[in-house]
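Look at the two complexes coming up: subunit A is in both, with subunit B in one and subunit C in the other.
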Partner chain A sequence: MRKGTSILLTATVATSLLAPAAVTAQDQTQLVILSPDAVAALDTEAPGTLVLESMAALVNLMEPLVEFAPAGTHSEGGVHQLDFTSFEGRLAESWEFDPDTLTYRFHLRQGVIGCSGNEFTADDVLYTFARAKSASGTLGPLGWFMFNTGGVAGFTPDVLAPDADRSLGDEVTKVDDFTVDIKVASQRRLFLPVLTDFFVFIWDSKEMQAHATEADPWSHEYATTTNAPSFGPYCLESWTKGSELTAVANPSYYRGPAAIDRIVFRKVPETANRIAALQAGQAHIVQNLTPRDYEFLRQAGNGVHVDSIVGNQFLFLGLSWNVPPFENQALRQAFAYAIPYEEILSTGYGGQATKWEGTVPSSYVGFHRTDAQYTTDLEKAAHLLDEAGFPGGAGLDQYPGVLRLAYVAERESTLGPIATLIQSSFRQIGVELELDPMPQAQFADRVFSKHDVGMFLDDQDKPDLPTAEYALGPFMTTGGPGNYTLFSDPAVDAYFPAVYEETDPAKQDQMLAEIQEIIMATPNWLPIAEYATQWGVRDGVSGLTWHPDLQLRWYDLKVEP
Partner chain B sequence: MTGYALRRLGVGVLQLAAITVLVFVVMRFLPADPVGRLVGFTASPETIALTRDKLDLDESLPDQLLIYLGLREGDQSPGLLQGSLGDSWNTGAPVVDQIAQYLPVTLELIILAFVAALLVAVPLGVLAAVRGSGRLDAGIRFYGLFAGAQPEFWWGLAFIFLFYVTWQVAPAPLGRLDFLTAPPPRVTGMLTVDSLLAGNLAAFRDAAAHLVLPVVTLAFVLTGPIIKMVRQNVAKAMASEYVLYARGCGLPTRQIAAYTFRNSLAPSVTLIAILFAYMLGGAVLVEQVFSLGGLGQWAVASVLSFDFPAIQGIVLVITVGTLLVLLAVDLLHARIDPRVAR
Partner chain C sequence: MTGQAVPIAPPTPGRWRAAARARRSPLLLLGGAIVSVSLVLAVVGPAIAPYDPIEPTGDVLVPPPALGDIPSLIAQTIGGSLERPVHWFGTDQTGLDIFSRVLAAPQVDVLIGVAATALALLLGTTLGLLAGYFRGRSAGFIARASDVFQSIPIFVLAMIVVVFTGRSTMAIIVTLAILYTPIYLRLTASEVAAQAARRHVEASRAIGNRELVTAFRHVLPNALTPALVQASVTIGWAILFTAGLTFLGAGVRPPTAEWGGMIASGANLLILGQWWPSLFPGIAISITVFGFAVVGDRLEARFRG
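For the complex of A and B:
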């Protein structure tokens, strides 16, 4: 019903052009972005931060120490790309590393004024690290997690024990007002990428402390419900919870005021309404549509185009290591050969996807196209099934409830048809799958926490840091925090932590390639597709740049007068 | 009457307490633990343990209940008896603040829709009953069936298609105000009221224009069953012996209609009150279709994410609202028919 109505509405808009898709003089410096959800929180340590719209606000209101440098290239879909091996200073002007003391020295930019009028100093950096280490928010402490991943000294799991001392020690020290030393436990390539992640963007400590209370010394309530004071390109103008956030360009921004004066970021849950508004010229960018909707926008034209990039969004079929019979390697490989890859790419993603040929996003540093590849080959799948001890699927019925393919019910419009394609293909080798859509919260609990789901389709989780060691370490090592299929292979484990700490990039990439070969040969994640991240955009709007967190930087956007 | 009101109020308080405890306990038996979603997929066992500790989920069920009620200290203190509904696990914001944010949006919508529905449905229902079987009655009955034949969101989308897309006489269904309209200072949270209080007629016009289609959608669906109820009750009253007697005595039609209306009012009021509570459910979909951001949408998001404090707060507010409406109805009922209070 909803899809039918969506097409009905948008088709009418396309043919009748109910309003000229003009950008009025008033709109020249105002840009309207429509999204299906609203900004839920502005605290990096609040659960609401995991809402994509909250991330969008944070990356534009706050500022990092360093950022990936532009690659100077763009995708076929017109989206600018970054160079994940090259960094440019933001709040940090420069830095150097002393291998003897394992210390980074950051020289901070002077004269940076935030939205509250405060000047950026070393105190803000120390505050940000101290707040992350306090693990005092409601969300799993992601600031701590990021610094732990980057190898920052003192950010160990010990500090999470109930009565542990979580105060900042000498791992981060102020040399003077504009110089900071950060000690690391080991030198890692991940250290600088970590600093680009919005979970560790820099807070305006003076403004935050002004809103601290005895019960809430880290101002979580203020940041969650009121503002994210920092030194970013945009300042919060208004925030209507559950509905809309507006931001205005920071006039004192150190890189110069943004080209667009005001951004309206509004929740419009109905897909049809977002499309209609974009086509009518009442919005400039819409996001989080289905692949089919983007295809419709491409075909319809009407002053609208679609910008896209195959970045780090992927689809895989997860098989839990701890759930029999999925510990059987031949069975896993049989399933990998039974997946209808091409149909999924064309039907499920409307051609806006490529086959995933590895276990790491292909845009990431250290990606390796593995020798082992799986293509749809039902004969081979049947043979492997036989080899696994389940000829023609016989014997799988002794594992009741295991052949249920779980996926997030809220993603039904995309994952439902894909799950049906897989179900149909598996039936041809004698494996009867039952589809099991479940609410996102239940999916997260059972897959990430309880690990009691045997098979699942996942297209939403991605490693935020664009290096292979991050995409593999937490996810594919025994006891790794993101290893929710409980994959365990001593050969893979043996590479860690050495692969983190290898300082020769060539050697490091070689080790990562070997790890990817091992995993691909005995897959726990059956890689299916890398699909495009897309935006519906009014003609005349440009400058979209893809970041691994999938959030647009409003500062980069331009609107033609 | 005062004794009846106090008795009724006492029962309401007991009902509220029972529902509060029941909802709290039922939530804990949902088939998923919310921590998995809160900590994300990169969470270590230490992180999961820390989060469970912060949310008091590592306490026993009775202890969690005591903390929620405010009868024991915990990380999630203060509790209900101290006037706190806790903090949302989704946003981290106090549930009370969020209810204050979302509830006025929904109230504004359903109150206006309810008033519109009553203004249309009651006269039509009475008219249909008075005129008896005829074209008007058939037409009204057809409308009653027609309007109720599709859910609210379907009518909402149909109205958007007609009034916004095709005829371009309604504003875009993109929220409560146009992008260029500055919202009035918040007093009640209802934009039409706040804009009038601020003397901001431009904002009032914009807010009212954005409410027309949602209100019409809800009222359109609601009007059908109200017409049907009023018509049945008035027709039943008109066929009663006291009306026949009044007619036999030669009383004027207006006076007979007044007697009839009063006697048919009691059952109608009860049913209308139930409909009012039901409208909260219908409002969810209308809020979704018109991007209004009200309590209904927040409730759905909270349920889907197993945000226990938010769900408990929402249920509590809806329960209080429903109990107050039912209390008011009982008192009105007693006023109409004093035998009820005996």
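For the complex of A and C:
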């Protein structure tokens, strides 16, 4: 009864907010998705692309050369899975690799018409590679980074030098209008996964060039603020900045028009309003709720269910390598044994998580469950603390401000209780932590750029490419672009780049397993939990497929009449 | 001398007069009681709480006991037959006991309110005395500076200051003190200006007292009343403000027991039907602010005559 009253009140508010675009029983081919933020940019090289909602738009408006093949299975929570070792053509119909010349030849699909009416050709592929190599965006050269990771020839770090020639050379060449050759510096397992990443989805070069200017030859302004012209399943219909984006099915899409004619992707910041709208039938899918909210939806029913999958979202406690006393291995291990894992899984995630037993998401190719495992063992933690030179926590007070556990304040409803549980557990071994929630922007600046935060809880990081070498290389090697704990271990560094280039999968996985053992024994990231990625979904909506970028492909969705 | 003796009422001691006034003003009595309780809790709250206010109990989101069960639970609590204390107000999503946290929160909220107000009072009255008594160029500067401070939205200013100085009790006290100082400055300056023209002030000068001595010894004591009356109201504002800052994530650090933070963390649970984590701290803060406001209001009414 009490629940009913509060829901009714909130539903009334939400209904009034959402009424103009209500989904009616007659309008079966419109689907409304609610998210806490709005699409910020449609350029893959603009900072706004890092907003999850921007990614959602990009993966549906644009199209890749290749994609992971469906695994034919689904999670216990009803989400379709992909096979990360198998690929199927999208804009590329087929491809072959010549090991002698280290060249991939892609045969492109013919008769593909984009949202602007232009036909897809090899020129669009060359334009996409050239734009990535130009490193001309304001975000950072993520297109370049992806091709560099995939081992594409010519995408080397020296290209980024101030006076370097960044024009596309013979690494990507047009054989004819529908055939492209791509040379690689070395054969890497990562090459094809890289092509599935939205940072290198294919641009409609004619439309982009039509909006180029002398000052902006790569049309960043146009893509950031107006459209992402490509050959994807949906075309942009309208985009109200800060509020809503609507997309209509591309009638010429080469796989056939999408089942749902129109997608309304709307910002509704308040969790309560998203829940109420879903329950009231004003929306079909809501995302970015807390685990407790999803549990509520699960139990409430009301024509709503929750689809979930433990994919690549995880929680870890980061310890900065450059901040004393965290260079002390025994101290780090003591902390690892003091974390209340089970309480976090049950209290923090309501059971919708599993203990993370490695340093790579368990769904990724090359994941290895390490021999070294940490469970809550306060006695052992106390012993290690003693061994570290801080018996009962004594002596840690000589590092003022270091024992502050930072986390993103906007994630307080999920991370706050978890941080409190950790604080309470650490107190039992004599370590007095101070909790330090900080705004997202400040957290990103201090943790990812300045590296001046000693301890932090992070549950928003994920390697986009589902292979262990990608999850380890950029994040765990000295100077790696994602290595924001500044971890440095010569034994780990020694495996790179050999592990990228190993062509025998068994040997490669063996090397990756050895790296994961080293890191787990060290450890700089204290792995805590792999938690479920979840969506609240109206009954009758199906087809949710999990991709490592966490974004739904609207083309896969179906709505029962 | 045979005349009938006229009974003469004994002189009423000051405290009896105060009690008599309070009896005539039930609101003042109520406000005074609330203020007294909150001040007592600010000192002993955490000590009398049944659970450690920042230690998870293991019971997550337990609702408060049903109304019908309360009498027997009280009896069992008094009789000592319960293994663990009752979660009278339930528990939150971390398993923290809300009743214990509501009791402990005045140690932060009321302390900040009282300390910030005291500091603002000290600064404001001193600057107000200088601005109102001397009326020179520096006085004008003080008044204009005060105008500038008052023109800035105080929540925005407070958040900026707290972001730069860090989330600590001291930072919030100093921020609030700076924000409230202009109120006391203006009140004191106008009262001092009125007092400065009085004869006793002239007399002080005439007998050769220095200006500063005159200002502090003969003007300030007579100009303090409006500021002192305002103090009670300001404490209420400060408590509300502290809660607001924490609600917005710029106040004290979690899991410190603080009403605003408790309301914030419980607000998201309302949609799930879990009303208790935010309701009880909400009631507590309302009652406390009401108490301080009533005391200030009644005192002001008495002062205005």
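Operating definition for what follows: the second predicted complex is superposed on the first by the 536 of 561 C-alpha atoms of A that agree within 3 Å, B and C clash if a C-alpha of one lies under 4 Å from a C-alpha of the other, contacts with A are read in each partner's own complex, and residues count from 1 in each chain.
Keep in mind that, in the parts below, a residue touches a chain if its C-beta (ideal position, glycine included) is under 8 Å from a C-beta of that chain, and two chains touch if they have at least 3 such contacts.
No experiment lies behind these values; they were computed from the predicted model shown.
Visitor: So, on subunit A, is it clash or fit between subunit B and subunit C?
Guide: Because the two structures are overlaid on the shared chain, the partners are seen to fit without clashing.
Visitor: In this superposition, which partner touches a larger number of subunit A residues, subunit B or subunit C?
Guide: For subunit A, the partner with the higher number of touched residues is B.
Visitor: Report for A:244: first if it touches subunit B alone, second if subunit C alone, otherwise both or neither.
Guide: First partner only.
Visitor: For A:292, is the partner it touches subunit B (first), subunit C (second), both, or none of the two (neither)?
Guide: second
Visitor: Thinking of the overlay built on chain A, is A:440 touched by subunit B (first), by subunit C (second), by both, or by neither?
Guide: Touch status of A:440: first partner only.
Visitor: Would you check which partner chain A:276 touches, where first means subunit B only, second means subunit C only, and both and neither mean what they say?
Guide: It touches subunit B and subunit C both.
Visitor: Rounding to a multiple of 10°, what is the angle at subunit A's Cα centre between the Cα centres of subunit B and subunit C in the superposition?
Guide: After fitting both complexes on chain A, the angle is 40 degrees.
Visitor: Which partner does A:30 reach: the first (subunit B), the second (subunit C), both, or neither?
Guide: First partner only.
Visitor: Return first, second, both or neither, reflecting whether A:416 touches subunit B, subunit C, both chains, or no partner chain.
Guide: Once the two structures are laid over each other on A, A:416 reaches subunit C alone.
Visitor: Under the stated touch criterion, which partner chain does A:185 make contact with: subunit B (first), subunit C (second), both, or neither?
Guide: Touch status of A:185: no partner.
Visitor: Compute the least Cα distance separating subunit B from subunit C in the superposition and give it as a whole number of Å.
Guide: Least C-alpha distance: 7 Å.
Visitor: Which subunit A residues contact subunit B in one complex and subunit C in the other?
Guide: Correct list for subunit A: 272, 276, 439, 442.
Visitor: Mind listing the subunit C positions that touch subunit A in their complex?
Guide: Residues 54-56, 60, 92-96, 163, 167, 249, 253-255, 264-265, 268-273, 275.
Visitor: In the complex formed with subunit C, which residues of subunit A make contact?
Guide: 2-4, 6-7, 10, 271-272, 275-276, 290, 292-293, 296, 343, 346-347, 409, 412-413, 416-417, 419-421, 423-424, 434-437, 439, 442
Visitor: Can you list the residues on subunit B that touch subunit A in the complex?
Guide: 31-44, 46-51, 53-55, 87-94, 97-98, 101-102, 154, 157, 160-161, 164-166, 168, 172-176, 179-180, 183, 288-289, 291-294, 297-298, 301, 304-306
Visitor: Under the touch definition given earlier, write down the residues of subunit A that touch subunit B in their complex.
Guide: Residue positions touching the partner: 1, 5, 8-9, 12-13, 16, 18-19, 26, 30, 32, 34, 37-38, 40-41, 43, 46-48, 50-51, 135, 137-142, 145, 157, 160-162, 220-221, 224-225, 238, 240-244, 264, 266-270, 272-273, 276-277, 280, 282-283, 410, 439-442, 444-450, 461, 474, 481-482, 484.
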